[in-house]
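You will see two complexes here that share subunit A, one where it goes with subunit B and one where it goes with subunit C.
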Partner chain A sequence: MTAVTAPRVAGGRWASQVLGEAGIGVALAALVAFFLAFAPYFGTSQNVRDIMTQITINTILAVGMTFVILVGGIDLSVGSVIALCAVVAGTAMTDSGLPTALAVPFAILISVLIGAATGFVNGFVTERWVVPSFIVTLGMLYVARGAAQQYTGAATIYNLPPGLTRFGTATFAGLPAVFVVAMLLVAVAWFVLSRTVFGRLIYATGNNEEAVRLSGHRTSLIKVACFVIGGACVGIAAIIYMARLGVASPILGQGYELNAIAAVVIGGASLAGGRGSVIGTLLGACLLGVLSNGLNLMGVSDFQRTMVTGAVIIVAVVLDAYRRRLSVRLS
Partner chain B sequence: MRRRVALTAMITATAALALAGCGQESTDDPAPGQAGGKPTVCLVMKSLANEYFQQMQDGAVKHVQERNDLTLESTGTQNETDVDGQVALVESCITKLARAIVIAPADSKALVQVVAKAVKADIKVVNIDVKLDDGALQQAGVDVPFVGPDNRDGARQSGKVLADLLGRGGKVVILEGNPGADNATQRKNGFNDAVAEGGLTLLDSKTAHWETDEANQVFASMLTAHPDIQGVLASNDSMALGAIKVIQERRANVKVASFDNIPAVKEHVQSGVMVATLDQYGSKQAADGIDYAMKMIAGETVTGWQKTEIKLITKDNIGS
Partner chain C sequence: MAVLEVSGLTKRYPGVTALDGVDLEVRPGEVHVLIGENGAGKSTMVRCLSGIERPDAGTMRLHGRPYRPDTAADGLKAGVRVVHQELALLPNLSVAENLFLHHLPRRAGVVDRAALDRSARNLLAEVGLELSPRTPVERLGIAQMQLVEIAKALSGQCQLLIMDEPTATLTPKETGRLFEILRRLTANGVAVIYISHHLEEIFEIGDRVTVLRNGQHVVTREIAGLTTAELVRFMVGRDLAHEYPPVRARERGEELLRVTDLQVTPATPPLSLTVHAGEVVGVAGLVNSGRTEAMRAIFGADRPAAGRVEVRGRPVRSRHPRAAVRAGLSFLTEDRKAQGLVLDLPIAANMSLASLPAVSRFGLLSRSAENRAATRLAEKLRVASQGVRQHVRALSGGNQQKVVLGRWLAADTDLLIVDEPTRGIDVGARYEIHQLLLDLADAGKGLLVVSSDLPELLGICDRIIVFSRNAIAGEVERADFDAERVLNLAYSGYLKGVSV
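So, the complex of A and B:
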């Protein structure tokens, strides 16, 4: 979990990323040690599997969010879009009359397409009219929530195919199957960001958009693509949600966007763009998940849990500020 | 290099301090789920930011102190919508090997899967507040007893007071709770029963999502559209308060029948604008659930709906 991987682009940034991820890795290790000592049952294999399942959705959302944040954007619509994807894909499974073997792939396709389409709208509007993505995605937050409620008439969809819900509780090589999906997604995202030209353009666009444009690339295409990737991840997360909980409700997902942003930021990404990594994001999601699970097991109240989570986010950004100064000196 | 060490120390220290500051309950269980020979019961609440559920939890804690024959692990989510968070809490209870779980589900269908997991782990589960969906329970192959009030009958009783006062042909509107929420549906059905039995004319029925300010706006536009409204059937007292504000501002002659009996409505029951509300002894419900859980741990079989006490509150019995 504490593996340190970062694109080798510029010496200074590379050093700062190592520092950032080592920092979050150490913090995570300290937290785990603390809970092993003080939270009963924390280290049981059952609980470790619980944590993995519990962080799966946020990890997937945060991977998508990493792409958006790397190009200097933000996506506040995530929590509503996941509800919209879930209710439409859920209805597709229950009402289409298709056999499970066809209905589930069909639903995955629909869910990813809806997510990608909302991402496209977010990115396109942001780029076409040069408006802050904060505002555009805030608008999408309302649109998607309303659309989800309109689509279902506020009803909760259940009776999803048993094959899907079995997948939600299945294990693969001892790991929860849904967590394996999240890990695959992390691996793909890591590869794209650190081993492809497209990935380097994403970092470069976040760092210095003007320079990338002057070197002949259409930066708006790159940025819209990042929003689309973010949206597609939301579509995948919607399917995982249904597999895990066996329902799709139009009110699900409230506040998920903030959890995802928190994971990305704790993972060392800069909201200004150009800095961050998907491994950092994964560690950020782990840290939030471990924190919440460990505090649960210790019997800490939800109010206190919320306060501690907030404090950890603030500490993370303060550290980020220190690190930035250090990286400036290094480069 | 020194700075790097300092940073690491800082984050570690902060996390440790933040954690140490949190209240920690008994962790030195001699045997799993059997702290000091007493069985551990997990109470999983929802909406703890809402005073009603906070009181329910407080009532349970007090009740357990009086019983003194079990260890209570009380947890909950802040929002009614945090389904995922509540599932995680139930999973923690299973991990902790609690003997029983008493749960006020945030969603009547989404919690069924994890509840079934608990039942299959041989943990006794008692459902309070909102009933878990029968169809979903059946599909999961588990039977979980429900301990709670009859919302439909309560709303019918409250609505009947208004119907008797207005007489046949009286014009009323309904303020509904959250669409899709089970107790909102039950109360709306109960009001509709009262409307049908009393021969009232229903002019409009809309949701105000349980909230005072929204009810204030919704009812204001209802009264503008239908100036001849004589009565309001509000699915909870918070919404009734919003409607009463409109009634007072416009000096309209409209009576209100409501549900919940929160302290804030007492003056309105006394002044006569609210003709009835219904006390379902919310603060006792979690405690009742714990009593049933203890019976189940002792080997008794509890199934189906165990109705809890409800009481119609009017000017005659609210006191001064």
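So, the complex of A and C:
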């Protein structure tokens, strides 16, 4: 009801927010320094663009996952749902007979709607029958994968519109266009989580659902909305996937949910809900991407890279827990 | 020689002395009853005796030997068995496994099922439960679970049996059975400490009684020759030590809240009550007398089985707290940590949680408006903090309570239901909160104040509604305020047939 002037307190909060994420930021900076020193070509602008392109899909999925995890949920169906979104949206583009200028927006709409719909089912079942989202989304993982295969008869769709694939390699202001899309999404998510009433209720619900409910809010609605947002992000990621690879396959995306969860957790979110931020998630996705890219440039094999990635996830979470206990003791 | 000798037992919690130099002596073969109002120190006593809590001062001797349990396991080893008020059974395990969890019979390292079933059957027979020992505990009714809990206490070597409200869920027949068991045990020299709100039971089973009040020992007497009236007088005492802010005369305004035939569950009696503008209505009753459940049902925190709730004559569909808040109700819960505070959010965010529209526009939060509103409230409530962006986790109990109160002040509803507003709060903050509640009434709000602290209700209320065994046992107007009268009403539902 009053004019919004920048208060000093908000500045203080910003500083504490940055500090809260400094742990992962420092780790990322150290990793970058290490690879600059030891990985050939790591610092070239082409490689930086490559990293950005590589982390785009996981960043988008992880942003959606952040919403789900903030309210204490988890979404294991992401990897299958992205395949379902892709094959349905891909078919819409190739078989609808619409000109590219119409077919692509139509496909985006379909993809986002399918993602949001699966998110709604996940959230609704979880809340309505009070069952763990872990199990519900595990079920959805199978359902969506099967549906994707059923839809195309297990075939892969190749002849996607060239306009779409051109977008997959386009640059915008020197940055990969798909990465710009991911950054826009991060910005919107950051705004929603930190500046809106809805975002406040998400954090509060993840923290103490009963207190929020007794303050007169429908917490179930908030939680279902978070699953829907997570699903919609998967729909966007499906379009980016097709733009980048030029195909839509019903078996794509296996294990993507775990990469997304890893990025969110490395970014400092608590799986119990109520704690985490989209900036942390972005840094988590960057860390995973930089690690994979740098090790690759150093000639480390695929298998070893997978092992190192796993170890880094564990170390990151242990360090984060240690840092938190330290800060609690200091305060 | 006494089985148990306690002298000078003292236990302090931050801001409260729960036990203040209490003496207690329990003789072999005796049922020693421990009574007192809510918060008198009975439960703390049990926790010290069983080893769950370590006393700050005083000594305990068991059969003449020093007894200093560090953990509940030490207590068990010494032969001290406790049947707690809350059941502590593992629902997925069988009855037999629950009974012998701590010393399962083994043969060659494997659980000897036959021996286990045999011993379990013996124990179950002793408490009169006809059940297969292999039945999973989750399939039992609450009374059966209570009996299993009692049977569990009887397994192994038992020197001292402590029972904390064991009959709360039992039928008269099961209670009779329990008393038979107790008589058999005491005949074998076992000493029993028996805690109960049911005064009639005390006269039936007890040998001696010790009365606690405000953590202090009041009296120990033979039960034979005592009357319930005397017992009540011992519990209430003469001194109502706390000071309360002056209550100004107020006009009783229009009717704000009318509850008609509200049933919390289909099995509980219908409740009706009204609250007017400018009125502070106390809700007294023993713990578990259905006070909190009734308040939750009025607010829609739990869906009631039947009944009507009207605010200013308009019906509220009590299905969700949202409807209640919109109709003008607030509810300060008794458990501020579990149900009130969002511990990891700042003071300002906690205070705005029920009034977000006032600090936002088109769904966008205005941090500055939120901070201003919170700062104003924090000053008014005198919250001691490093600023309104400080997380509430770090605040003291009294300040945390002020933050939750601030949330409802910000919501500015006509009627406030406050459940145990001063529990676990130091004396200074107590006075401030009492003053605040009275100020609200002066400003024309209606208040329902639930409290286990009777002097508190007598100090600030215009009228007290007394709950007893899930029903409203009566109402007392300020002109007729009298602790004994309220307490007699509170016990009335548990006193089938005993005249006071």
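Everything below uses one rule, namely that the second predicted complex is superposed on the first by the 303 of 331 C-alpha atoms of A that agree within 3 Å, B and C clash if a C-alpha of one lies under 4 Å from a C-alpha of the other, contacts with A are read in each partner's own complex, and residues count from 1 in each chain.
The criterion applied here is as follows: contacts are C-beta pairs under 8 Å (C-beta built on N, C-alpha and C of every residue); 3 or more make two chains touch, one makes a residue touch a chain.
These numbers were taken from a predicted model, which means no experiment stands behind them.
Within the superposed three-chain arrangement, the count of touched residues of subunit A is higher for B, of the candidates subunit B and subunit C.
By the touch criterion defined above, A:S215 lies against subunit C but remains apart from subunit B after alignment on the C-alpha atoms of chain A. In the superposition on chain A, contact of A:G146 is made with neither subunit B nor subunit C. In the superposed model, A:V197 lies in contact with subunit C only, and not with subunit B. By the touch criterion defined above, A:V26 lies against subunit B but remains apart from subunit C after alignment on the C-alpha atoms of chain A.
Contact with subunit C, but none with subunit B, is seen for A:G274 once the two complexes are overlaid on the shared chain. By the touch criterion stated above, A:P132 is placed in contact with neither subunit B nor subunit C.
With both structures placed on the common chain, the touch criterion links A:G43 to neither subunit B nor subunit C. Of the two partner chains, neither subunit B nor subunit C is touched by A:P105. Across the complex, subunit A is touched by residues 3-4, 7-8, 10-12, 14-16, 18-19, 22-27, 29, 48, 73, 75-79, 81-85, 87-89, 91-92, 94-97, 107-110, 112-113, 117, 133, 135-136, 139, 178-180 of subunit B. In the complex of the two chains, the subunit C residues touching subunit A come out as 299, 301, 320-322, 324-326, 331, 333, 338-345, 349, 353-354, 356, 358-361, 363-369, 371-372, 387-389, 394, 407, 411. Those residues of subunit A lying in contact with subunit B across their complex are 19, 23, 26-27, 30-31, 34, 38-41, 44, 46-47, 50, 53-54, 57, 153-156, 158-159, 165, 168-169, 241, 244-247, 249, 251-252, 254-255, 292-293, 295-304, 306-308, 311-312, 315-316, 319, 322-323, 326.
On subunit A, the positions that touch subunit C within their shared complex are 1-2, 4-7, 9-10, 12-13, 195-201, 203-204, 207-208, 210-218, 274-275, 331.
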